[in-house]
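Chain nomenclature is as follows: A, B and C, assigned in order of appearance, with residue numbering initiated at 1 for each chain independently.
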Amino acid sequence: MNVVVCVKRVPDTAESEVHIDASEKDIDKSRLSFGINECDNYAVEEAIQIKERLEGNVTIISLGGKDSDEVIRMALAKGGDEAMRLEDDAFVGGDALAVAKALAAAVKDLEYDIIFTGALTDDDGFAAAGVALAELIGVPHATYVKDVEILEDGKKAKVGRELEGGLMEYLEIDLPCMLGIQTGINEPRYASFKGIKQAAKKEIALKNASDLGLDASDVGEAGSWAVLEKFTPPVVGEMAEIFEGEPEETAAKLADVMKEKGLV
Amino acid sequence: MKDIFVLLEHRRGEMRDVSVEMLSGAAKLGGSVVAVLLGKDVDEFANKAAGYADKVLYVNDDMFENFNAEAYQKALSALIKEHDPGMILIPNSAQGVDIAPALAVELEAPLVTDITAIEMEGDKPKPTRQYYGGKLDAHMAMKDADVYILTVREATFPADEPSKSGEVVKVDNPVSEEIAYRKFLEYVEPEAGEVDITQSTLLIGVGRGIREDKNLPVAEELAEALGADLAASRAVVDAGWMPSDRQVGISGKTVKPKLYLAIGISGAFQHVTGMKSSEVIMAINKDPDAPIFGIADYGIVDDLFKVVPKLVEKIKELKGA
Amino acid sequence: MCAEEVGFVEKYDLLGCIQCGRCTGGCPVAMRTPLNVRCFMYNTQNEDRLEELSEQPEIWDCTTCFACAARCPKGLEPLEVLIGLRSLQIEEGRIQPTVRDALESIFKDGNPWSSPRAKRMDWAEELDVNILEPEAEETTDVLLFVCCTDAYDPRVMKVVQSLIKVLDAAGVDYGLIGDDESCCGSEVRRMGEEGLFEMCDEENVELFNSYNVNRIVTISPHCYNTFKKEYHGLNYPILHYTELVAELLEDGKLELDKELNNVVTYHDPCFLGKQNDIYDEPRYILTRIPGIEFREFDRCRERSLCCEGGGGKMWVETESTEERLAEKRVEDAKEIGAEIITVACPFCLLTLEDATKVKGIDEEMRVIDILELLAEAL
């Protein structure tokens, strides 16, 4: 069972303030920590668990600059076999479609039974590259996947998709297929430093647009469905009444409101 | 202006709210609103949609008894080719995101997912969506095309009262071949836990800001002092710190307690959707720009580990008094 | 070197063990968990059992306090066997998510608290501090190494902020590394991540040696211990801040004007006391504060009870219904009538302060670092 996993390096903004930069099309990333996109981390783990159960190999693909080697190496250290990084100035500014086209070109000559992507990314959250990729290469797909079982003949998989309210929708899908992996499907393992060092010896094949047979009009902004015009701070409804002061005071004020509203 | 297609979403005998919301929103964009309903014996939904649409295209076929993205895609693509709408709105749901990107690729139609607002520039939509878990609004410019596809976030448009009486047109299933490569099997309900948070009157929502599971006692003490139950964000459940039946949000439970006190929750849309109808929302978060403050009634911008212990004291005092 | 390359028997001198049981007898966590370190000294002699032994959850109960090694009549270090077993788990990648996240964060951002490197100096936002330049011509007396916990934990930040006040008051010529500062790796090594520890060792030694200073002062005894005993090729002497502050007091450079009328005790951190014999400096500092009434714990100095904060325990919860050692400790402090427990370690600060909250005595008893008390007395 050969699995391809597409991963992305993203800034971790969950617990950090996000500031728009001067271009209005990007954010100030200088004070952010970066790492593998959360869903993708689960996708890597799922791929490696499949490999451990059924043998085969796992190929990691990432579109991004040199910095992305770190997340690729961590995935290799966990049990990935081969890796490919897609880098070209022409890729910059591409949306999910442009990324899907580059990925489609990258997997064209690979032998695979399953392609995993994360169901969505922590940065733009398009949740579209994987499904678009499936259509481009003509394989069936399912996304928001939180359970994967390869059926005995190795020609089909039983897949659980997580719907609203936590309801699971189970379906049977032919391989090869593309599955968009949701967080929580497994517990991602740790990549030891020794493993990462060893993985550093594995080659990461570098491909630019022309290596992939892509034209500049296929990728980047030109190859996208849409382009980002500008960021603005989100329009918030009526902002909360914010209590100011030392914890002692703010806590007292909040408790008073609870009392007023009859909640205490 | 060309017609606007709106794909209705239904599941297990219920039409989901987002369907009516999208119909209501589409009616304000100009152009005729055409509801597209794929299902099996769901005349009731067709009739309901007719109250909001200028026309309802209803495909009644066994193939659509349960959701299958591949069947939906084929049917939609055929209907779009036949009827030539200028735009199609699809819910940004687990169903919608399983269809829209593939449909967009097939039709070579530009797609923007998870939109939270639309403006029109002539026939062309200019959608707004969010990046970085709701921390920024992104204004998107779509490529010129004959048809545009948008997946619409829940609650983007308010649901109106029915004011139209569109014609329900039953159309033959345009998909002739069976979809053998993807088959629906069954739905499985999430496991029920010991506490049903949808029934709780007071809830403490715990987010990633709690940092580690061993810090949970901080929240537990607060819950105990207040007589509240604990709920959790997706991140906390994924980390295995709390059971999944405590998860609030799109993929978890929808709760409407008298008080929802969010601690260390930034307020990503996926969470907020599940708790925004709470009567009173309070939030403690150290990031002043956290979206949670946009929906909260009261907030404290500070480290939860400093504030919560004080809050426990104050509540104990009040209860003692 | 990794556990697989050299066998456990050889690496830990297991055949030297006489199974006397003094290790387990002195093990503080044995009071509340199934951990029996003597058994591990015996069972790990069988290399075929290593995998199975490494999967036993109690190997993560060890706080690496060093009591077992200190008591071993044969000079063995039983705790190292447990660390060796942890290494096997690390290599498999099958570790608790909290440990995984802490280690990944050290690899990526140089700290175990999943915080960006760029926020490392946030604690000094309102302070005027000197950031050292590498290869500077002029020598700075002290390179102050700020522990990750002091840099990022909002509670512990107050400790390093107090130290800055003290250094400024004493006119010490010191400098900081700034955002380039990275984790010392002490906990990394103790969680069994040998490779990552080697990286910490190599990178920090290179960084430290690039500065022109007389000595390096640490705030955490964990950093202190690892720099002093486990790093390779460091050019400068390492001091714990208690040594520096004692020196400042002795030389009359630090004046303590304010009288503090409190009953104070001192909790010896394992990594400062048991492991490095620094017992007198903290007591000297405390007794120099005007008005302080100093009382010893019954279990003090080499007999001090571990707070369970070290050995990676900040990221691993022990499954036990027995009272935490930190809770025992604050009860003991209450018994001797202490109003303030002073510590000299960020982990002790966090575990003991938590324990006062659990015991509901946080109103009557404060847990603070010696430095915070000193800053109050300035």
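Convention: a residue touches a chain if its C-beta (ideal position, glycine included) is under 8 Å from a C-beta of that chain, and two chains touch if they have at least 3 such contacts.
Note that the structure is a prediction, hence the values are computed from the model and not measured.
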{"item": "Category of the chain touch graph - line, ring, star, complete, other", "value": "complete"}
{"item": "Comparison of A-B and B-C by number of C-beta pairs in contact, larger one", "value": "A-B"}
{"item": "Inter-chain centre distance, subunit A versus subunit C - centres from mean C-alpha coordinates, in Å", "value": "37"}
{"item": "Where subunit A and subunit B are represented by their mean Cα positions, the distance between them in whole Å", "value": "20"}
{"item": "Between subunit B and subunit C, centroid-to-centroid distance (C-alpha), Å", "value": "47"}
{"item": "Subunit C residues counted as touching two or more neighbouring chains", "value": "97, 114"}
{"item": "Sites on subunit A at which at least two other chains make contact", "value": "15-16, 187"}
{"item": "Residue numbers of subunit B (touch at least two other chains)", "value": "240, 303, 306"}
{"item": "Complex contacts: residues of subunit B adjacent to subunit A", "value": "11, 16, 67-70, 92-95, 97-98, 100-102, 104-106, 110-114, 127, 129-143, 180-190, 202, 208-209, 226, 234-235, 237-238, 240, 244, 247, 250-254, 258-259, 266, 268, 280-284, 287-289, 291, 293-303, 306-308, 310-311, 313-315, 317-319"}
{"item": "Parts of subunit C lying in touch with subunit B, wherever the complex brings them together", "value": "97-98, 113-114, 154-155, 315, 317, 357-358, 362"}
{"item": "Of all residues in subunit C, those that touch subunit A in their complex", "value": "2, 90-95, 97, 99-100, 103-105, 107-109, 114-119, 193-196, 198-199"}
{"item": "Partner subunit B, residues of subunit A touching it in the complex", "value": "13-18, 20, 27, 96-97, 100, 119-120, 122-132, 134-136, 140-144, 158, 160-174, 182-184, 187, 224-237, 239-243, 247-248, 250-252, 254-255, 257-259, 261, 263-264"}
{"item": "Residues of subunit A that touch subunit C when the two form their complex", "value": "12, 15-16, 30-35, 70, 74, 78, 187-197"}
